[in-house]
Each structure stands twice: as structure tokens, then as C-alpha cells.
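Working notes for the structure below.
Every chain is named by a letter (A, B, C, D and E) in the order it is written, and numbering of its residues begins at 1.
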Amino acid sequence: MSFPVLTVNELAMKFGTSEVFKNISFSVARGETLGLFGKSGSGKTTIGRCIVGLEKPTGGKILVHGEDILSMGKKEFRKLRPKIQMIFQHPETSLDPRMKAFENLIEPLKIHSGLKQDSLLKRGEELAELTGLRPEHLVRYPGHLSGGEIQRIVLARIMALSPDFIVADEPTSMLDVSVQAQILRLMQKLQRETGVSYLLISHNLEVLRKVCHRIAYLENGTITSIENINRGIKT
Amino acid sequence: MKNKNSPFFILLIILLTCAILITSGCSSKEENNAKEAVSGMEVASGSDAVSQQEGDSEDNTLVLGEMWEIDSINTINGDGGTLICEKAAVTETLVGANEDFSLKPGLASSWKQLDENTWEFKLRENVTFHDGSEMTAEEVKFTLENVIKANTKVASMLKVDTIEAVDDHTLKIKTKEINPILPGILHYPDTAIISPSSFDESEEFIKPIGTGPYKFESFDEQTRILTVVKNENWWGGKVGLDKMILKGIPDPNTRAMAIENGEVDFTVDVPYSETDRIDAIDGITVEKYKTPRVYKLDINLKHEPLEDIRVRQAMSYAIDRHAIAEHVLYNVGEAAAGPFLPTMVWANKSLSPYTRDLEEADELLTAAGWVDTDGDGIRDKDGKSLNLNMMTYSARPGLPPMAEAMAAQLKEAGIDVEIEVMEMGSIYDRKEKGDWDLYLAAYNIAMVPDPEYILTNWYMTNGTDNGPGYSNQKVDTLITEARKITDLEERYKKFNEVEAIVNEEQPMIIVAYYGCAIVKKDHVKGYVFDPTAHDYRINAGMYIEK
Amino acid sequence: MKYLIKRAGFMAFTVFAVCALTFFLMNVIPGGTAELILKHTLIGLEESATEEQLSQISSRYNLDDPLYLQFYWWVKEAVLRGDIGTSYIYNKPVLYLLTLRLPATVQLAGASMAIATLAGVSLGIYSALQENRISDHILRIVTLFGVSMPGFWIALILIIIFSLKLKLVQVSGYGNLENLILPAAALSLHSVAAVMRVTRTSMLETLGQEYIRFAKAKGLPVWKIISRHALKNAMLPVVTVIGFQMGNLLGGAVVIEKIFAWPGIGSLLVDSISARDLPMVQGCVLAIVTMFLLVNFIVDILYTHLDPRIRYG
Amino acid sequence: MSLLEIRGLSVEFPAGENAVKAVSNVSFEVEEGETFGLIGESGSGKSVIGLALLRLLPESAVISGEVIFQGQNLFSLKPSELRNIRGKKISLMPQNPAGALNPVLKNGLQIEEVFEERRVDKKEGMKRSLKLMKKLFLTDPEKLCTLYPHQLSGGMRQRLIACMSLSFEPELLIADEPTKGLDPEAKAGAVDLFTKIKKEYGKTMLLITHDLDLALEVCDRIAVMYAGEIVELNEASKVLNTPVHPYTKGLISAQPRNGLVPLRGQSPSRIKLPEGCFFNERCRCSGIECSKKHPEIKKHKGGWVRCHFQSLQ
Amino acid sequence: MVDTMDNAFAKKLKKEDVLITEVYGSEFSKRLFQRKDMLFALVALLLFTGLALFAPFISPYDPNANELRNKNLSPSEDHLLGTDYLGRDLLSRILIGARTSLSIAFGVVLISLITGTALGCAAGYYGGIVDEGISRVIDVFLSFPGVIFALAIMGVLGRGVFNLMLALSIVQWAKYARVMRGQVLSIKKQEFVLSAVTSGADDFYIIRRHIVPNAIAPLIVLATIDIGHVILSIATLSFLGIGLPADVPEWGAMLSAGKEFMRTAPYQTIFPGLAITFVVVIFSILGDGMRDILDPNHEGGEIY
């Protein structure tokens, strides 16, 4: 196995006196999908948020390419941010409702690349194509898009940053079965094409078994076992 | 549990809260009454006052709509002196005044000046206080000494050194310096005589016990209703009313509506514009009088264009005093000439008000170099427009509209005036800084029935009310000379001369005499207007005849 | 309990801050305090004061001391002895004057609040149930114009109609219920409309909820659905609005008290401000803010009663 | 005769100048004692049917067609008659248990009120309910009654609602998306719950769900809905194991355990429905006919299918 | 940016899907035209603003020129709305007064909107001590009845248009700040903000691009309705004698000055009173309409 993209070491989180989780350790290799299974309220989402830096754990280490993001300075971390991205559970709030889909899509490009308008448009279209979006979707406001369409835009938007690692927090639990399949397949396709790694958080074991290389089981605030699904790691 | 889940439970709670609030209001009222009772005050409880109010169908009770809030009944510190003496007729002063402001005996039957600094007052005999005790020189001395202690204004005017009770009915007053107007000051309501029993043991003022035609009965501090009843044993003879209830109604509109609605029998100063309409109502009469107060416009002489006497005269010609008196004051007041009412004995009767003359104003302004060169309707000189500001305040309702009217009239003469209606504090501040041009105010001109006080304060260099900063050697000399003259004729002559000079020089423009509109029900009989009173005076002869 | 303590502490802080604000605000007002005290007490509004009189007043009320010291003393006296000063103008303890005036304002505001609540809530419910029918439209248009008219204008019109034309009530006065009717009606008008609108909206919103549908599916009759299921839920935002209306009522009371010569705190405050009677202003502000905070505190407690989902510590 | 017969039911919601066609021309029958499943993805119009039956849709909805329940057309009943049916003969188990319980009323009261209108003694009724609650895996039901809905877990709330809906042993129970908004554990519990309900009561049930597992587990017959109309109707095992309609096939193979094969595209706009088959654009085996002519529903192998090519399947 | 983007896609859209843009494109204006009351209010507002703007040209008389002999006249051919207590033409004064009233109201609302938004945003976004500090200030300002506060501030500042604006703004801003804070608190937790954070956007970018645009709608509604409230507050302050200088034609001051003549010359209060009422009504309707348009989830009108 190649050098892990992400390593989580003895991560712990406390709110006041109650422990949400502790002793969370795992690592994800390039091009790998690690499933994180747990019941609702088991702290899976919080782990995901800690990894992308939206919350600060109370203990442990998170290493991205071997660097501890928790001990980084604000500026340094901001540089690293594009590399670790997150897909959220609720599509209805995942895009800025006051910006058209396309603006949402190219926002990260605007922040990070000094691209001119023309090239922005071009790159945006490329990304839209990559995620199977049609122009009619791009000129609408998120309020007029379906959950599946929004998750596609979210994926396109994330891919704009060419991330190494994506935390997907129940990305399909709010979607219909047929759409769920679409999105999961799209994620797999993107993984094949770019070699991105996923941490797929879900309470649906069937889904995890279908798409993950390994599954970590979260119980009572700690990882009890990591199961290898016999799929081999594609690079 | 059932109950709590009921939706009407919410309404119940809300109502309950409101009810608690209301009852708490009531209960605290009771508490107050209890408190008042403890402190020994004879104050009617709220409900008593109400029943009195309802019971005013008693034939000979007058309900009076007073123009100020009734806050205090303390006569010696100046808070309630005017009210208790003039409007409630509970107390009386040593000296009285006639309609022409000459003095007449009051509680003192006569007085004379023994030497430059000594006065002797003979007191009226057989005058008793409402508590039954007789008024002697001791009580008078007690009153005056207390007033001097508590009331700096009166003290500074009286300039008293010592007071001595020579015998029961003779009082000797020594002043620190010569003070020819001393008897006049003793006409001032704040010097009204009260019995020492008005105070409690700890020398706190509790209630006014005077000698007047009406006795203090109660004052409800909460509803602020003052009730006085007939003094059967008044030295002056028969008293017309059995009872008088005084309610403070500070808003002129409300006063008008109250008398129209029959809630009060007598009130003053309804909005001037309403006087004619109310007079036309059956059963209500409006009488308009002049009172010793003038509307005057101070001019800041330190301000360059206003230094010029011609500009000031032009302004005076531009102002249409008669139109203002008729249309702004609705004839509650009159166009003014000098600072004194023509009816006053000492007034310079040869003066007459400036009449509007825009040509004269134009000539004077042109002569002074102010011409409208740029055609914007405002005169200018050396590239500067004739822009002035005019400060005034709204405590007296006639002032703001008068200012607006004058501004428009001055504009016709090519003078631009911006009006600023301000708080007293701000006006004071601006005057301190000298950052003003014109100041319209209403001034009392007979605080003391003598011209010296006003002329000194207004026109002498550094006089306390010399707002314009006027300084004229001749005026100063005349006033200083007149002060020492005890012969009234001679005194007044000097003062007339001063009036003539300032009328010519117009350091302040006297616009109009203040008026007073007495509004009363026709069944109120026997009312006599007293021009020497501050607002109005209730006389003992008033009665009700339905 | 913990919540209550926190809440009380916060209220104390707010009261303190408001007092401090008032104190320093009043002291930056141009014009000498001493001069104005003199004008309002001894020498008369239009006369000038002498230097001697000014310095006498200044030393009597410690006006020459630095502001922070003056404030410190005020706070110290207030906290230690419950003495919030003596009015310059009335020459009496502020607390005493407040106890004289407070009941009037409490009565006025309380009555107005009662009217606003009763009328507002019932009209709001009626309007919601008649949604988009003629009576609903009329009610909403009437209240819209009602809120859009300046309060004092309404008050004057009410006086003209009810006192002068119909001769139903007295123009001014204080003491009995009859006198309370017009001022309370005039004062509450804006609040009635506000409460009505919130009730209507909230009622409509509640009626669209799933549990109302379920109640219908249970076969409950309409009146029960409304009285049991809708009303209590719809009341939640209304209760908050009623609390806030207290602020409007207290503010509006200033004007209404002036017009009706109602001896309350509002008119006292206005007079005290222009007379620069600082201790009196402080006292009035203290009373008004405390009243406002207390009412909102009660509203909060009420809210927790109404909504079992909220439980404070 | 069947217990419930729906003939040509259409529901439209006006939206500006257009109308959203939520349900178009749906007909099916529910036999006495059977559990009938309506399945479909979100927005397929299945829940609207459930609400339309009991006339619980908002007033703006335009409904046509007939619903015959025990020989009565529910759409022509007077409100009072309808109330007698609601809750008593037909009861609705609403989706979203969190929203269906009034948050400010205690659970006990909400159960109690079911009896209020039925002239059943409350104590008697409560006893029955308590028994029922115990049967439906609720421990300590007495205590539950004194709590507020927010103090219960999702699964408990759902059981509580089930309990309310069943208290009267209605002829027909409509369960609207019973698993929506539940956490995974509670979802698993729902299968047990419904199996139990079915077993214990054996009454007729109309189960509206998007959960294929639940439908397979509980239902006798299933109708699959797509874009507001029924595309396939047959015995449950047949529909889910040997589907005929391409949409049903796609739906099943999109399940993770069946290979996670995505259906391409998405449901058509409901304002402007396509001329031909609604599923045409997404269909893997559409022909020329499919884009031109809207297919009628036809009998096929003991069930019904709405496809031009059903004979080819 | 958005326009070029739309244009770029418009070309492709023609082939693909014209219908959709037609349906979703002109949402705002469509909703606007669906509401007749809103249209009426807009037209009335335009009318009022137009009158205010062109007041100096269309008013028949100099609003400050008085002719004492013609005081307190009822409406006539010469003076369409009559004259006031100094014989000034009421129509001219109401027209010029519209400028004063409207511009003060706009000014106040703008100042408090900007201040409130900025402070509310800072409090909600940064939380912690910043929030604690700002929130306490907001609470203090809100626990003070507005009119009384304005009264005190006007006492400090003295009369004048600018001072009045300042005083009312000081009273108003806290309301906006509180609403803004609440909005920001809920928005900053939403996923699209979080994803902007994970994209590496800085605070200023997030506030500017995401927080403010999404939080501002209720504030705009509040501001619209508030314009009417401010006009009412001005009238109240004028009534208490501390509004504007007496000769500045302003509706509240006119109404207040005319109250003395309510019975002898009622038109002096009727016309300014109606002017105030109408403008307040207009802004209430507008605000309510805005609420519906900006927030389609909010069902039904609240006002009128």
C-alpha cells in the first residue's frame, strides 16, 4: 500500500464531560474508499468534520500527507484546505440558494485560481460535463434543482479543487434509491479518473459494502473493527 | 393537567399578568397613602379625590383648570408660591397692587421708609390664620426669614439685613443697601405670609396655612388635585365659593376641551386660535386681557450687521406687529411699543409701536449698505448675504408661530432668517458661546411693580438680562440716578427717558404684549381680572349662580 | 434555577448599563445643569441667573465634580441604601415621586396590554379563520390604517369623537375607570393591530402543520382542533410579540400621558429631561426599563410554560 | 365488492398560471383484509393519494374522480359525515411522526382525544389504548402519557401514532410513508411493527412507502407509481421479484444489494408532462411509439402494466 | 459575471431547453406582478417620490411665504388644500414636506440597516467575546423604549434634520443587528457556508458572498416597513416638541402644529395626517410584499 493520504491517530472528542468518541485511528490510501459505519448519533459526522477542519478534536492527530493539520497555522492550513473536501448530507442546504448553480460550481476556482472569466467558464463547463450536468441545470437556482442534481454540482465543485481526499457524509441518505445509485456510481467514476480517496460515512451497510474497499465500524465512540471488502485497491 | 393543557390557560395567564400589573398599581397607591398618612400629611386618598370630583354638583364648587402641573404646595421655596397665593387664594402678601400697578395695602395696612435702609410696616389687625391663630409681626418675621433662607431669588431682590418685630403689628425691616422697591417685592406671591404651623416639628413644610379667603383642604399628590374650601373667617369679608378644586391641565387643547365638555368651570389660555370658537359656545365666555409680560426679540449686537442701528430699525419696520397680534395671537395680546404696558403708572405713554413700513426699511437697509445684488431676494453686502438665525422655545405656544411669521415678514424686507426652536439648555449654551443673532422670548415685566428692576436688568451695561450686550452711557447714568430717587414722579421721569432711548436704538425689538384668555362658564360670576398677577388671580368675590 | 440567576444577572446588567448610558447622555446635553435647575425652580424660565446663584446650586448638587464620581455616588447610594437621589426640581426623593407616578403608568400600560392581548388575539384568530374572505380583508385593511396613523392624532380624534361629540367620557383626569378608557384605547390601538397580525400569521402557519392534519384525520371537530391544537401553538410567537409591545406601550405612553394629562412616568420623564432634572430622569428610566425587562421576563417564563420543548436549567 | 375503490383519481395543484399534476388518473381497488402497497420515489404522487382519500388536501387542490369506500363516495359526503369516517372507519397514520404530534400537548391527551368524539368513555378508551401500546412494543405506556412528544424517540413516536390510529380498529388504515424521517434503527423496527399490525389485526391497510423492503415484507399487492400514475400493479412478490415495467426493473436494480445500477435521468416536469410515455426518456428499451403515444394501463400476467411493450417483456 | 455566464449558456440553451429558463428565469418580477396590492403600493410610492422630487417645480406657492390675513382657510381654488395657521399654502407644504419626511426616513433606515447589518454580522459570525459584547449592547439598546431614547438623544443633539436622523438611527440599529445576528447564526451552520470554508475562502469572502446575501432578506423587509415607522416616530417627536425646526415643512411637524386648530381649521391636520398614513400604509404593503417575494416559503400576506 502506498503512503496514506490521510492518517487519523487516536482522535478524541469531548463535549464537557461526555465523550463523543476516542481512540479513533485509521488511515486511507490513495484511491481508496474507506467506509465508516455507525448508528445515528455515534459521532461519525463529527469525525468527518474534524478531518476537514470544521471542528477541533480534543485529542489525537490528523495527518494529511504526513503533516499534522491540527498543529498548523491558519494560513498554512488554508493552503492545504483544497486537498481535503467534504460532501454533506443535506443537499437542500449544500449550495448557496442566492447563487445560480454555475456560480456555486466555479466558486472554489474563483477563490483559488487566478483564472480569467473565459477560462473560468471553460473549466466550469468541463467540470459540469465530468459530473454529468447539463447546461439547463447550471442556470437554475439551487431551489429548483433536485437532490441528485445538487449532489452532482457539489461533486463538480469539489473536483474543481482537485482534492486528494473527500469526506462524504451520508451523501445519499436523503436521495431516492435510483438517484442514490447515480451519485454513488459517479463518485466511483471520479475515483477511477482522478485517484481521489473517500471516507464514506453511512449508516447503510449495504451501500458501504457495495462501494467501499474497507469498512470501519464505529461503536460506542470507538472503532471496533475494520473489515476488508474483497475488492482490491485500484490505482 | 387537563387545565394546563387548555388553550385558554394562555389567555388566562396573560390576563392574570395584566390584572396583577393593574392591581399592583392600585395596591402601591394604597401604600403611598399609608406612607403619606405616616408622614403626617393630610392628603386625600385617591378615591376621596374621585368622590369629590364626582360630587362637584354641589352648587358652589368651582372646578378650575390650571395651566401648569400642580407639583408642589410649598410656598416658601418658590415652587408653589404663585399657585397657592394667586390661584388658590390661600395665602396673601403684605402688599397689594392696583390695576395700574401702583401699590395698595395688603396684610400690611401701611408702610413708610424711615431712612435710606429702614422700612416700617404696620400690619392689619384682626387677621387670623386658618388655624385660628392671629397674625402678628412674629409670624410675618418668621415667614419672611424662612423665605429668604429658602428662596435665593427673593432674597437677592429684598437685600434684607435684619427683620425686627417691634410690636404685635409693627415690623421693621433693615436692608443692606438702599432698596426703594422693597414694598413692591413684598407684593410678590413668594413672600406671602403663612403660619408657623405650616411646618412640622422637623421644620418640614407640610401644608400652607395662610390668611386668604380659601383654606387648604387637601392635595392629592398622585392625581395632583388641589382642593381648597371657604374661609368663613376671612378678614376681607364674605367669600363667594364654598369650595374650589384645582386640576393641572398643562395642554391648552385639553383645557379647551375640558371646559367645552363641562369638566371645568374656569380655565385660562386655551389655544388662541380657539378663543373665538369657544366664546361662541353657549354658556362659555372668553375674555382677553393684557398681562405684564412682553414678547421681545433680543438682537445680538456683537454680530456685525446687527451692530448697525439702521439694520435694527429696518427690522423693526419690517415686522408687522399688528398683524402678528391679530393673526398669530388672535388678539390675546397687543402690538407693543415700550417694554411696559401703557396702563402701568410708570410707562412712557408717548411711545407708540413701530408700524410696518417696508419702504422705510428698504431705505434704512440700503443706507446701511445692504442691497440685493444677486437677485435671490436676500440682501447682501461685500458678498455676504444677510442671513440670521432666530432662536426661540416652545414652552409658550405663541413663540414658534410668531417666529415663523416674523421670519417670513423679514424675508420680504430681504433678510433671511432661519428659525431654531430649542430646549432652554441649548439656548443657554448658544448664548454663552455668542453663537446667535436673534432670540425671541417672553419676559415678565412686573415681577416687581416698579420699572427699575426691568430697566436695570435689560438695558444697563452687564445687566443680568441684557442679552443683546447693549451698553449706552446715558442709559446707565439715568438708571443709576433714578435708583436713589424716592419721589415716584421724579423716578418715573428718568425711566421714561430710558424707554425713549431704547425705543430709538432698538437693541431688542419689543413685539407684542402678552395676553391672557380667561375662559369661564357663564355661571361663574364676580370674576375680576387682576393684571398684576402672574397668570391670573382668583378673587374672593367669585361665586357660582346656576 | 441556574437560568433564572443568569437571567436576573443579565437584567441587572442591562439596568445598570441603561442607567450609565442615561447618566452620561444627560450630561453631554448642552447648557448648564445648574442654570436649568435654577430656571425651573427659582428664577423662572425666561430670567437669567447670577453667578452666585449658579455656584450655590452647583455646590449643592455636587455638579462640579467629575462625572464618573457623580455616577459612582449615585450607584453607591442606589445599591447600598436604595436611594436613587432627590429630584432637583421637585425637591423630593425620586423614589417617592416614582411611587406617586408609577401606578398611573402601570394602570395605563396594563390596561392597554390587556386590550391589545384580548382584542388582538381574538381578532387575529377570527381573521385567520376567515382567511381571504371579505371580513378578513376588511379587518386587515382597517388595522393596517390603524397602525399607520400617528398615535397622537388618533388620540385627539378619539377625544373629539367620544368626549366632545358623544360626551361619553371625560377629556382628562385620573382616578376612575372611566378616565382610563380613552387613553388605554388610544395607546393600545397600535398594539392591537400588531398582535392581531402576528396571531393571524401564526395561526395560519399552525393550521398548516402536520399535527393539525392528523387531528383532522382523527375526526376531531373544527372548534376542538382550533382551541386545543392550534391556539396554544399559535400563541407562542404572539406571546413574544406581546412582550415587545410593552416597549411600544411604554414609549407611546409618553405621548398619551401628555395628551390626557395622565399623571404617569412618561410625562414626568419628558418634563424632567427638558428641566435637566437628572436624578428624576434616572429614576424614570430605571423604572421604565425595569418594567420592560420584568414584563419580558414574565413573557419568557410564560413561553416555557407554553412550550414544553424549552426548559431552562 | 372491494372495501375501497378508487376510480380515475386526479389531483392538480395550481401554481400561478400552470398546474402541477400530482396525480393523474389513478384507479385501483383494495380488497377487504389485504395490505395494499403504493410504492414510488419521492414526488411520484403516492402520498397525495392517501391524503386525497380523506379529503385532507389543502383547499386549493383540484381533485377529480371517485373514491368509493364501503359503497359510499367519500367525495360527496358532508363534512360531519366525513368526520364520522375519519379516525373511526378510516384512520391515517401520517408520515413524519415528529410533525404529526402536537409538540405542546402531552401524549396522553393526544391519545385521549381520539375517543372524545366517539362517545366512548375516556377511561375505557385509555385502557384499550394502553393495552394496545403494550402490544406494540411500548414499555411503560402510563409514563409515556405524561410526557411530551419531544421526549420520545422517533420509533416511540411512530408507535404512539400507530396506536392512536388503531385504537378504533378502523376498517382501513392508511399508513403514509411510515419510515420517512426515522433513524435507521427505528426503520428496522417499523418492519416488525407493521408485520405485527398485520398479523394481530388482519384489517385492511393501504401502505404508502418508498421503502421496497418494507413493501415486500408487509404488502400483499403493490402498485408502483411513477410521475403521478400507476405503472405497474400486481402481487407484491411478483412486482418486486419479476418486475415487468422498465421503471420497476430499474428501481429494483438500483438497490445496493441488487447491484446499484443507476437509472439514468430524472422524472419529467409535472407542469409540462411529455406527450408519450412519461418514462420514455429514461427507458432503456423505448421505441418510436413510446415518444408519441401515452401508454394505457393493460392487463398482463395477472397484474396491470402501463407499457407499450409489456407483451415483449 | 452572472450575465456573461447566462449569455454563454443562453446560446446552448436555445437548442436544449428553453422552457425551463422561461419558467424559472423571471421569478422575481413574475411574483411581483402577481400581487396587485404590491403594484398599487409601488405606483403610489413612485407617485409620492416623484412629487417629492419635483416638489419645488410643482408646488403652487412658496411653502414658507405666509400671508397672515389668509390663515386657516379651507380648501378652495386658490389653495387646493387650504392654508395653515400662518396663511401658508398647505399643498405646497405637503409637497415639500414629502421630501423632508421621505429623505429622513430613508436616511435613518439606511444608516441603521448598515450599522445593524455590520454589527449583527460580526456578532453572529465571530461568536465568542465579540458576540457577547455586541449582544449585550444590542440588549441594552432594545430594552429602552425607542421614543424615549430618541427623546433623550434629541435633547443632547438639539433639533435639526441631521440630528433627528442620527437620534432615530441610534434607536433603530439594534433591531437590525439582532435580526442579522440570528440570521447569521443559522446561516453560518449551513452546509454551503461550510463548504466555502473547506474550499479555503477567507472570512471576508464568506461574509460578503454567502452570509450577507442570504441573511439580508428579512432585514430588507424590516427596513421597508420601518420607513413607515420612522415617519411615525418623527411625527411623535415633533408632537413632543423636539422634532425639526418649526419652519421646516415636515408632515409630523405640520400635524403637530395643526393640532391646535383641529376644531377650527381641521384641514391642517387632516391632510398631513393622511399623507403620513398613506405613506406608512404604502411601505407596510411593500414590506409585506417583499417578504413574500424574497421568501417564497412564507405563505400569505401578513399586513393589510
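Just so it is clear, a contact is a pair of C-beta atoms (placed from the backbone, for glycine too) under 8 Å apart; a residue touches a chain by one contact, two chains touch by 3 or more.
These numbers come from a predicted model, not from an experiment.
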Open item on the list: Which chain has its C-alpha centroid farthest away from the centroid of subunit E?
Closed with: D
Task: Which two chains share the largest set of C-beta contact pairs - done: B-C
- [ ] Measure off the straight-line distance from the CA centroid of subunit C to the CA centroid of subunit D, and report it in whole Å.
- [x] 53
Task: Averaged-CA centre spacing for the pair subunit C and subunit B, given as whole angstrom - done: 34
- [ ] Compute the distance, rounded to whole Å, between the mean C-alpha positions of subunit D and subunit E.
- [x] 49
Task: subunit E residues counted as touching two or more neighbouring chains - done: 155, 158, 259, 262-263
- [ ] Indicate the residues of subunit A shared as contacts by at least two other chains.
- [x] none
Task: Where subunit D touches two or more other chains, by residue - done: 105-106
TODO: Could you please specify the touching residues of subunit B with respect to subunit C in the complex?
DONE: 5-11, 13-15, 17-19, 21-22, 24-26, 28-29, 31-32, 35, 46-47, 49-50, 53, 69, 71-72, 74, 77-79, 151-153, 156, 221-224, 247-251, 253-254, 257-258, 260-261, 263, 395, 423-430, 441-444, 447, 457, 464-465, 467
Task: Residues of subunit C defined as touching subunit B within the complex - done: 29-32, 35-36, 39, 41-50, 52-53, 56, 89-91, 96, 99-104, 106-107, 109-111, 113-114, 117-118, 121, 156, 159-160, 163-164, 167, 170-176, 227-228, 231-232, 235, 239, 242, 258-261, 263, 271, 274, 276, 295, 298, 302, 305-306
- [ ] Sort out for me which residues of subunit E touch subunit C in the complex.
- [x] 136, 139-140, 142-148, 151-153, 155-156, 158, 228, 232, 235-236, 239-240, 252, 255-256, 259, 262-263, 269, 273, 276-278, 280-281, 284-285, 299-300, 302-304
Task: subunit B to subunit E touching residues, read off their complex - done: 252-253, 271, 273-274, 276-277, 320, 323-324, 326-328, 394, 397, 400-401, 403-405, 407-408, 411, 418-423, 425-426
Task: Residues on subunit A engaged by subunit D in the complex (per definition of touch) - done: 39-41, 146, 148-149, 176-182, 184-185, 203-204, 206-207, 209-211
